[in-house]
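Take a look at this one; I'll ask things after.
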Amino acid sequence: MTIHLIATGGTIDKYYSPTQGKLTFEGSHLPEMLAQGSCEIELELEVLMQRDSLDLTDEESSLILATCTQSPHKHILITHGTDRMVDTAKALKALNLPKTIVLTGAMIPYTIRNSDALFNLGFALGVVQCLPTGVYVAMNGKIFNADKVIKNKVIGRFEAL
Amino acid sequence: MTIHLIATGGTIDKYYSPTQGKLTFEGSHLPEMLAQGSCEIELELEVLMQRDSLDLTDEESSLILATCTQSPHKHILITHGTDRMVDTAKALKALNLPKTIVLTGAMIPYTIRNSDALFNLGFALGVVQCLPTGVYVAMNGKIFNADKVIKNKVIGRFEAL
Amino acid sequence: MTIHLIATGGTIDKYYSPTQGKLTFEGSHLPEMLAQGSCEIELELEVLMQRDSLDLTDEESSLILATCTQSPHKHILITHGTDRMVDTAKALKALNLPKTIVLTGAMIPYTIRNSDALFNLGFALGVVQCLPTGVYVAMNGKIFNADKVIKNKVIGRFEAL
Amino acid sequence: MTIHLIATGGTIDKYYSPTQGKLTFEGSHLPEMLAQGSCEIELELEVLMQRDSLDLTDEESSLILATCTQSPHKHILITHGTDRMVDTAKALKALNLPKTIVLTGAMIPYTIRNSDALFNLGFALGVVQCLPTGVYVAMNGKIFNADKVIKNKVIGRFEAL
């Protein structure tokens, strides 16, 4: 099994630029996270884009769907901004692909102390290896079906519908 | 589903005592790790012991087996020292319990920078929710059957037999 | 000797709010930093405000000056945003107070991995105990006179004029 | 001013070896610490040895003294294990060198979360630039004269005699 790991950006990949004085993107931290986890599973990492999901254009959303459709792999893990994660999950579900697709992300960037990034990435890498065909959101130590989940933005948690 | 999370100690739970000048135990860091992961899955956490697995007595090993046998839960996750993790996994497998039992741990304590603890805990929490009945080692982003895995102590990685 | 430690905010004290998705203030992290440094020197900590220095109003700037003027202590350490640190230092110097006043801050918030906050705070606490009367900026491991320093915003370093 | 920064090892420089399962030395982390502090002061870094101070031989202690004696620099900062820091400080004081010599270290290794290393290094770099000729221990945010300090091993703090 090879897992297609697709980075689209999101909070998980943000870093603090000292000269800009704000959080931004500089390239994905997924290689660093996988190294920290001493992860040895076979992966094809594709840094597709580095975008805050609130800023995703229609073209970018379409690119994510197309990338999953055309992927040669049956197991796909997407790191994604949490604000639109459910939207992308639903759009992927509508495609009805014969693949196991899992979306995850983080509420606190990997580069910030006390981040949930490493836990979530590990969690999602576990479920993507085990779950049957379908589209899932893997957050907060829980597995959600793509069409039965919302992000509660007040408390910053994903909840089953 | 409620996951029975059993802490037995191991590197994952070690901390540095400034006054003793060495790594030791002071109680499990699992609650802190679960909080960092914003983990919301239903768990029963049991801190059974805090032992370096190289120091496990026969009585302690028996206690781990008995705890799994008597657990009211069908999904059990054990945090364990890596040096004897495979031994405990094999002993559990021999019991042939109608449960999904996953063992994990860490090569670097959670309290040390660049630890694999959070990744491994997330990973194991993912697989324990998805796998069928059996005993598994979840390390290095890989799922191993209890009787088909060894720890390569030279490189500090788990490998399939 | 008691050091009057005045927190005004700045990058050093910012934290990432997971629900707001941005860096903001929630109260000073100075007590946590001092605890991490096992700092035992006698301090009076005053959290005067929590402001990005680019947002400092004239009233707030005046309040910082007044607080230093009225301080009963001869050794004052101010944590401050880096963008206006030199401005505040110059305004303090113009007051010609019979005190040792040191300003410091950070380019990366304390709550972010790889922050310079702890190093800078330690450094400034060292120099404020040793220097004669005057106003100084303590950044980048260097001590600058208030009227002979600029922040090079391109590289994020303080430089002597 | 160029500061002669002499690394002798000690807790500040220990790291956790995942394969050995214990804290050991692998070379000094001082370059990494100075980079994290964005330290720009002119330094000559000399990694003289990497030793737990409890293991210092007479030859090694003599080497530290000789290195300070022969140093071309008037400002010397020594990172040192805390258990014998006071002994080395006293031996240096007895040499009566026309230099400012400061000793520091850490109770928790730099590589461990919540370490005091960065704070202490910054603190010591501040005081070594400001103090007159003499030998000092810079720990816990306090400056001690070499012959008026002890380490309280029960609480892990340095105290004035």
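All chains are identified by letter, namely A, B, C and D, in their written order; residue positions are counted from 1 within each chain.
We adopt the following convention: a residue touches a chain if its C-beta (ideal position, glycine included) is under 8 Å from a C-beta of that chain, and two chains touch if they have at least 3 such contacts.
The structure displayed is predicted, hence computed values, not measured ones.
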| item | value |
| --- | --- |
| Interface copy of B-D among A-C, A-B or C-D, judged by whether over half of the contact pairs recur | A-C |
| Chain whose average C-alpha position is farthest from subunit B's own | C |
| Between subunit A and subunit C, centroid-to-centroid distance (C-alpha), Å | 38 |
| For subunit C paired with subunit D, centre-to-centre distance based on mean C-alpha positions, whole Å | 26 |
| Euclidean distance of C-alpha centroids - subunit B vs subunit C, Å | 44 |
| Overlap residues in subunit D, where contacts from two or more other chains coincide | 107, 114, 156 |
| List of subunit C residues in touch with subunit A within their complex | 11, 16, 18-19, 21-23, 83, 107-109, 111-114, 153-156 |
| Subunit C contact footprint on subunit D (complex, rising order) | 33-34, 36-41, 107, 114-116, 118-127, 129-131, 138-143, 156-157 |
